[in-house]
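Dumping the structure here so I can ask a few things about it.
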């Protein structure tokens, strides 16, 4: 084994386009449930504007904190529909991505950015409708001095992301779906939505989940007692 | 004394409806001042959309973290105008409440949710105009496995809430008014608003609080010195 | 040397009005870069509404936490275009500033508020279009009991602010420009904007920063290796 | 109802001395379990030295942040074996208590301090073996300018404390036992310790909780599958 | 693909014993450097006593927050020298592990615990010299109600841990070494220590790293200017 | 005005040696009070071992986060009794300083380190009795790629530090004394200690601060009411 060198991997396998589109329509909460409550990033990852939505293929980037050199390197590898997933080797809130990078990213068809650090030029990014999920909004500029890697597995906001995985983001946060599982999770999520529609109708009509989910029995089994008065 | 059992209290006393409505019109900052700066929740409790407003009667829920079983149990006890107040026995940001529960809550007339944990389906809740104050937005799903209590006194975001207390929420946060004090606080708040209207006019005309509040004398008494130049 | 007394300095030197206006047009990220990435406040300072923008001259205020007496004292010294910069002697999130103070501030021409603490009446401040950057939104009321100082140098959210410095705020945060440097930084920022316009065009046409910034050579020099397949 | 006035309550009921002593011997984790996992303060409350231990009766103090006037007032009401429980009306880390107050407290027999704020002179307090649980260590000095209350119910680090309740603190944190429940909880805790001693022996001999707690069946019921190889 | 089921993997491959011992002697900082500054957990992971040290093979556990059922299941699979690595599916500080579990773990030869949650009975664990790295110390008890997995890859405090990887912990934190790389990293670390010994001697004799690392030239190249007087 | 260049200032004025020694003997809390409660760093700055104490002259260092190049440059300028004060241009917890740098620093007589970032090799530093106050303990290694400055004014943990200022550190935190004020503050602190000795005796004899500080009158003036029973 030789010393680990910073590496840029040029070619990755991407998830199925139809699956990606379906996952994006389902949204974060449904996808997270459909894959047995896994893959969710920490809730500190917030969209920079509330209507931001994205679904696409992960191009992963591992940077030195305060240094965005590798984002420049990653852009070359992006294809239309990709989502940049940027992490730093230790915690940072610096504004590693701004309007110029967004213009460049959009020119290559990049669908959005998920960054476990900061972002800036937020007014411009919002005007461009370029969706970003970040840990912080910060104008703090960055250097281009230290190597990193592109398209290696990374941990981003507590979730493992491998290049080619599907990133789904909306106002509820960001969830990662393993590339190979995308089709199956899309199917399960679609089924879930169909089933929820029936539940929704019953709830809207005043039925209680307590009754039709069988939670009354559960409460009794768990020894919860009902008392009439305060 | 026997072992404390998880308990659901069915009947509670509610605050006076007129007082609740007035408190809601006064808003959080005024109500907090009217009751001598007490009852305010910690500022990490934020509305999920900036125009969210609520005033209603607290139905309290104490849950295991990551488990929303008791919210289902609580819904049965809600009456129109109630506000669900959900706490966990230790800190959690999981998304214990989402769109289906909101549909069910609305069907029973629930006016809003105050939750010292996370919430999800925020786009749907916003579209429904269902007001929520939460510690986090998180898609993290929850189980239904551990008992808890409904309508017992709880500590929510640093404030004591008893079932039947008045919850007032707006963009400034959430304040709790003890049920028995609701009428009195509503009166005091109304008086305060009237008095502030006069103050506002004077300030708008360029008078200084420094002068009409008597703060010049206070500054002198405290030994603050005026110096002309930097 | 005598005991340090709480002090209010009446007269300060203000930055050049044209420079202030230009800096406000450039915005936080550009100004921060133009002054070699200095002067930025910590990213926890957020505007209370996303379109808030300000540029003006700092009137600095140092308060006891939970006490806004010195803000009242500072208002008297404000001139049109000034920005109140409020700090506390230890960390606090209390709502030291609200709608009545904003009415008073506006009557004196104050352009906005930068406060390393909390703010309240956020709905009113937003309706007034009174821009505020704060650490927290909190209805917590404050007393008027302890002396402090006005127009002394302060540390606000990690940045040194001297009375008369230029404060620039937008959705990216807040940056401080030293009074004497305002003109020079305005020029440099203007140059930067002009240069960026050319870069933007090239990026929009699909050129890569990787190429025209010379980062390919940098990556090679740093030993980053390209690998074809995952 | 008149305006809530800051109030000092002179006489409180104290918990049974024997129960207090037993609860102190049991320690925080056992007492917390014995009362059905309630009453624990948030884990940010840490002892200033690892061997700190206390059990005593709560004298509660509610202060303005940055102001320790009411601690002085509370000391007069302390009896030997009491524990000062200090909270602030909003979050603060200021060092409200130091060596001089500890000397005064010890002269009155105070057994320790639980403070949802900061403490200073930690080297002296440690040398005195005066146990303190605090949110922060901070030399930040405080004023004596704003009224507060003594011996009213308070929320301290997420737990409700009423004057006369039993405070138990050790390296695991701080737990509150309601005054009336002290004897019963002491008995239950003692029973628990006896039972745990048998469990401990079995575990030490290599038996698995998995077996004797019946968790194998639980795992099967929950659908957990065993797989041989990675 | 079927629904992801909670799974316990019985047999894992363990790292070479000699490599593990060497890595433990090298300590966290050296190992982290030897593997090109990768594998370090977030600095919030702290030992419960300053002299805690461990090196061993990871048995990974993924639990529901507030539920330690799967730790019981994991103990059965532990062999002498293993280190339990416990994570929760969302953030939690609950005290999932205490003295009884430590007795059971020690009976099976477990060398220590790394837990991205809380721990309790810290006085007992310290007396037993059972090393633990945790996010929090908390007496908060946990339930045994929800399934999880054992010996699956997990993210713990920002680092990926696979069963069989080497865990190294000391007062500087915790670092993970991939099982297959253990021998190579042990060698590199040993070389590093030897080299550092020479550097240490030169530094002790008053030579400057500035000189023998070639940083003077670096500073000049980077445009750092020397000025004589303030 | 030319572009701000990274700068190393070779010669600084140092505070009076006797004053520095006295300030160190007085300790952080007393010095902070003696200078009217100013100059204290945020309480997140903690010593790496509880008996750490230091008093010395500040050599200030401003670094890029994750980069310790400028610490190497600063060491050359250190004289016996100096204290390194290290800041980063944005928030970081990386371990910028370890045992090798401490050996080098000690060889030059450096008395200690105050770093608004992380430190590593804490066991070695403790064994060397090299006192450090830091925001974090982290093994995270750093690069040497980006310029910074030495002996310029910095903001460290919320306090302004100018080269030559006196740094005083102990278990209560870190306080900064302006160079020119060192003698005066040392005198005031010495007076304070003398006065406190008398107060201490009275308190030890059971007198109450409530009485001899005149707080009874204050409480009455503030409208605090005494009530007999709960």
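Note that the chains take the letters A, B, C, D, E and F in the order they are written out, and that residue 1 is the start of every chain.
Just so we're on the same page, a residue touches a chain if its C-beta (ideal position, glycine included) is under 8 Å from a C-beta of that chain, and two chains touch if they have at least 3 such contacts.
Being a predicted model, the structure only gives us computed values, none of them experimental.
K.L.:
Walk from chain D over to chain F along touching chains and report the minimum step count.
P.N.:
1
K.L.:
How many steps does it take, at the fewest, to get from chain B to chain E if each step moves to a chain that touches the one before?
P.N.:
Counted as steps through touching chains, the separation is 1.
K.L.:
At the chain E/chain F interface, shared numbers over all numbers used: above half (same) or below half (different)?
P.N.:
different
K.L.:
Quick check: more C-beta contact pairs in D-E or C-F?
P.N.:
Higher contact count goes to D-E.
K.L.:
Could you tell me the distance, in whole angstrom, between the mean C-alpha positions of chain B and chain D?
P.N.:
Distance between chain centres, rounded to whole Å: 27 Å.
K.L.:
Need the CA-centroid distance for the pair chain A / chain F, whole Å please.
P.N.:
The mean C-alpha positions of chain A and chain F differ by 41 Å.
K.L.:
From the C-alpha centre of chain A to that of chain B, how far is it in Å?
P.N.:
31
K.L.:
Counting only residues that touch at least 2 other chains, which ones in chain A make the list?
P.N.:
Only 37, 40, 89-91, 93, 138, 140, 146 qualify.
K.L.:
Can you name every pair of chains that touch?
P.N.:
Result for touching pairs of chains: A-B, A-C, A-E, A-F, B-C, B-D, B-E, C-D, C-F, D-E, D-F, E-F.
K.L.:
Hey, which residues of chain C end up touching chain F in the complex?
P.N.:
Residues in contact with chain F: 1, 3-4, 35-38, 40, 42, 89-91, 153, 155, 158-160, 181, 184, 188.
K.L.:
If you look only at chain F, which of its residues touch chain A in the complex?
P.N.:
Those in contact with chain A are residues 64-67, 89-94, 138, 140, 143, 145-146.
K.L.:
Within the complex, which stretch of chain C touches chain B?
P.N.:
5-13, 49, 69, 72-73, 75-76, 93, 95, 98-101, 103-104, 107-108, 118, 120-123, 126, 136-141, 144, 146-149, 151, 163-164
K.L.:
Within the complex, which stretch of chain D touches chain E?
P.N.:
Against chain E, chain D makes touches at 27-29, 32-33, 37, 40, 43, 46, 50-51, 170-173, 175, 196, 199-200, 203-206, 208-210, 213, 215, 218-219, 222-230.
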